[in-house]
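Have a look at these structures, which come just after this line.
Same chain, two partners: subunit A is paired with subunit B first, then with subunit C.
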Partner chain A sequence: MKIRPSTLLIYAVILAVVAFMARTELSLVVPAIPNFVAGIYFTLRRRLYIVIAAFVLAVWALFLNALFFVNYGEPILVLGPLVIRENAVKATMIVAFRLMTLVGPAMIFVSNVEPRELIKSLERDLGLPKGLAFSLSLAVRLIPLMNRDYNEIMNIRKERGFRRIPITPSDIKALLVPLVAVGIDRAYWIGIAAELRGFSLRKRVFKPSFKLVDYIIIALAIVQLVIVVFITPLLS
Partner chain B sequence: MLLNAKFEYAGYGSEGFRLVDIVLGVDEGSSILVVGGSGSGKSTLFLALTGALSNLLNGDVKGYSIVKGVDLVSTEGFTNVARLVGIVLQDPDKQIAMSTPYDEVGFTLENLGYSEELVRKLVVDVLERFGLGSKMLREVEELSGGEKRRLTLASAIVHKPPLLLFDEPTASMDPWGISEVRRFIIDQLKAGRASIVIEHKARYFIDLVDEIVLIDNGRIRARRRTSELDREFMNMLLEHGVDVLKPTICRDKREHGVGDVLLEAKGLTVGYDDEVVLDNVDLEVRRREIIVLVGPNGSGKTSLMKTLAGFIKPLGGEINSKCNNVVYVPQNPDYMFLYTSVEEELEYIKRRIGEGFVRKLYVEAPWLRKVHGLSPHKLSHGQRRWLALAIARGLNPCVILLDEPTTGLDLVLYRHMKEWIKTLLGENVGIVISTHDPRIVCDLADRVYMVSNRRVREVSPKHALEWLEAPLK
Partner chain C sequence: MAKTRMYRYTAIDFSVLAVVAVVIGIVFYFTAIPYELTKAVAGKLVARLGFYGLWFIGGPLAASLIRKPGAAFLGEVLAALVEMMLPTPYASSVLIYGSAQGLMSEIGYALLRYRRWGVGAGALAGALPGLVIPFLDYALWGETLTEAIVWVYMVATMISGAIYGAIAASVARALRK
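Let's turn to the complex of A and B:
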């Protein structure tokens, strides 16, 4: 069963909308828990520990932030001089659930979609304009080259006695100047080569070929949207 | 005639560089070699012939470039360029636009509206033929330099254009890569396709083409059928920085005495994580000595240099350095420039090593005054190489590691580079050069190490030269 990359993208985008439209912790529980669990399940083999660690850190930071800025309402827990109040917990839960709603589908998407497949799928299934599709393909091609440029420049920075990690604006400039110069020259020639290979003749490809599983997944996302936006506010 | 081109002028406006009075023609199944030194107008000619100069770059062109009755200079004719011309650019990384070989070769076909099934068939077919069948869905960055070149060759002919245009196809290629390009051109000529090769390393193509055209300062200086080549014409090519001579070992004796050991590698293992690139490397670099590393693309020359420079941690063995300053100069000089103007780069050198050295640089390169305010990236290729080397010298090195320092240099610039390297010897440094360029072995090497099959072994310059020339026989 192969789910089309466009389907996963549509799912992730709808869930992102859901995450930002929901206003209460109750309405967010519905999409947050199953999507986060699904995200973990489908990305188990792909550096899950980094995602979990980052999530735990983010929630901890959110909680500290809530303690400083929105710690009011009824006390929930008293730890010596520290009183944790209702609103701090609520705010943390809302943002944490929002994160879970966003991160779950994003994890599934990132872990299961090759950039190349995504661009092809977007072009074919959603009729992405050729210029945009080419730019995305080119970005995928250029990222490893830019990474190579970056490493070369970092080596030279070290050799020339510049700070390893750029801090000041002049440090950042010294890093960006060669990176941009080399990148622009490369993009210039690739652009010429693409035109000489008939890019201007390229036709927009729009031949959607969604299967039942794709429709089910998109429907699932829409159901969650309806529950969060229309049904849970009625319940509360 | 397949291509009939004539330009009264072609360039970037009346103030900028211009080609003037260019006339070129090529018949089906024949080929011409366009030669000239750096800055002579070779790349502008490439852009003018394809119509890119007038249609993409707002160039100022008066003339025509007609292929099979279609004038590529005109806006309407330019839409046919992909059908009529296959292109191969100097640097594969500045040509390959897609992330996998399959998509790259299919790109032109998709643009030209081939059906999906036909695209699949043709792409698989051509990739198999070019030995890339097993790698068609790999990331392009996983390919070696030679494989990337093969990919550009495959992309150029997959749609069977009648004319092929090559812009310096041997730049940064090892002898095996150059040999592949030669074989490719021979095959295409046999298949009845015409070729125009724009190149300053003429010696690799003289025996393949029907005519040689020398351009200088935007004008055709001379042209000759290859069946009528004479000494006078060859000398003219040499004078204009065109490489036509087979290198020979021309320096039997050292002109300079070598000094103490500055850098020593013992039992060195070079690699990344668990991947061993080179094993058990023993190497020493002495003061006023030039060590040359030769070997195929991807054999580990650059990794060895970066390990010696301290950028890559050795997997085993030891590196002993008698000084702290081992400086690496990358193949692409642009990486060396961290400031926005030449002036700022010189200020940096002044801060590092003092005003006296910068004054010396102004004497060595009087053109510096004219380019003070320019970005280093806007300088000519030769000037960028010189400035990168000047920055390296400003770091007060005891050993300089030069990675492919002659890539893209014509004969005139090569001679300059040779002098710059000799200047370094006068500054009491040890030099390690990684190269495929047989001229370096011939003119500069005190000792030569061959890097291949995970080993580094010392060989005689004569042996290295024979080895570098062997694939081209």
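Let's turn to the complex of A and C:
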């Protein structure tokens, strides 16, 4: 039972739309809990702990924000001069559920999809234009090369006594210029080679091959969208 | 006819787009860490002024290098797609944000009738996404914000976007020399 990568992308994007549209706790719990649990399962299997750390950090930042801007209502916890009130906790909870709705499906997508398979699937199943498919597959191939360039630039910066991690806008410019310069030089030659091999004559490949399981997953996403947008507002 | 040919994308343009997508995708990916740390320690306003504009540089950089209509939009959207594959803590929302940012940057160049690609145009293309993004943020994180603060964030985001948009265009100018 192989799910098409495009299907998982569509699922993640529909759930992102759900996260943007859901407004109440009830409407957010429906997609948040099952998707987040599934997402965490796949994340732990792939050992992508940084995503879980970033999620915890983001929820903490949201809680601080809520304490600053919407800390009103009945007091829930008093810690010396700090009084945590009902609305700050409620707001953090709603936003955390929204984040879970976003992160869960994206983790399922990232853990189960190889970038090259995704690009092939986008072109074949969704009709992504050949130029964009070319750009994306080249981008995937360039990531390790440019990562090597990035590390070399960082080492050179260190040897010359500059900050290793760019902080100021001028640091960022000093990093971007050599990185893009090397990349552009490579890109010109790759582009010329592709043109010489008849890139512009290549025909578009659009032969959708979705199976029953793909339709079920897309239907599942649409059902969640309908529940969140139309049904839960009626219940609450 | 000549104009159509001038606006047609070649394999070289698509290769340049790929380079921009990788560089900016990596920048987007690494921006999340200092942005979230600054947000947790110094608050959202400082984080926005300092880092938010970095998420808008895909449009100005791609457009200043390729100089064709659509480059700003594609640069931003492809970078968002690369960021999503890396993966990012912002999950699939990056595609929605990336499309909105790319569209606004593209509008910046369209307003200048695709005739100006310099630092000023880069600053405009970097600032314009700041008009829309705080509202998307409000849709996502609105419960922890007030309406008044969204307007303050909008100004901060536009300033940050303009600075980084100008930097992206100046990087492209340095490369084209």
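Quick notes on this one:
Methods note: the second predicted complex is superposed on the first by the 229 of 236 C-alpha atoms of A that agree within 3 Å, B and C clash if a C-alpha of one lies under 4 Å from a C-alpha of the other, contacts with A are read in each partner's own complex, and residues count from 1 in each chain.
Simple rule for what comes next: contacts are C-beta pairs under 8 Å (C-beta built on N, C-alpha and C of every residue); 3 or more make two chains touch, one makes a residue touch a chain.
Nothing here was measured: the structure is a model prediction, and the numbers come from that model.
The superposition on subunit A brings subunit B alongside subunit C with room for both.
Ranking subunit B and subunit C by residues of subunit A touched puts C first. Of the two partner chains, neither subunit B nor subunit C is touched by A:Ile231.
In the superposition on chain A, contact is made by A:Phe69 with subunit C only, not with subunit B.
Shared-chain residue A:Pro169: touches subunit C; no touch with subunit B. Once the two complexes are laid over each other on the shared chain, residue contacts for A:Pro115 go to subunit B and to subunit C alike. Judged by the touch definition given at the top, the superposed model places A:Ala219 against neither subunit B nor subunit C.
In the superposition on chain A, contact of A:Ala19 is made with subunit C only, not with subunit B. Of the two partner chains placed around the shared chain by superposition, subunit C is the only one that A:Val95 touches, whereas subunit B remains out of contact. Shared-chain residue A:Val140: touches subunit B and subunit C both. Of the two partner chains, subunit B is the only one that A:Asn155 touches; subunit C does not reach it. Angle at subunit A (Cα centre) between the Cα centres of subunit B and subunit C in the superposed arrangement: 70°, in steps of 10. Shortest separation of subunit B and subunit C in the overlay equals 6 Å (C-alpha atoms, whole Å).
Overlap of the subunit B and subunit C interfaces on subunit A comprises residues 115, 134, 138, 140, 173, 177, 181, 186, 190-192, 194-195, 199-200.
Across the interface of their complex, subunit A is touched by residues 47, 50, 52, 55-57, 79, 81-83, 85, 87, 89, 91, 93-100, 103, 107-108, 110-113, 139-141, 155, 306, 309, 311, 327-328, 330, 332, 334-340, 348, 352, 375, 377, 391, 395 of subunit B. By the touch criterion stated above, subunit A contacts subunit C in their complex at residues 9, 12-13, 15-17, 19-20, 48, 50-51, 54-55, 57-58, 60-62, 64-66, 68-70, 90-92, 94-95, 98, 102-103, 105-107, 109-110, 113, 115, 118, 131-132, 134-136, 138-140, 142-143, 146-147, 150, 167, 169, 172-173, 176-177, 179-181, 183-184, 186-188, 190-192, 194-195, 199-200.
If you check the complex, the residues on subunit C that touch subunit A are 9-23, 25-27, 32-34, 36-37, 39-40, 43-44, 54, 61, 65, 74, 78, 81-82, 84-85, 87-93, 95-96, 136, 139-141, 143-146, 149, 163-164, 167-168, 170-172, 174-175. Residues of subunit A touching subunit B in their complex: 115-116, 134, 137-138, 140-141, 144-145, 148-149, 152-153, 155-162, 173-175, 177-178, 181-182, 185-186, 189-203.
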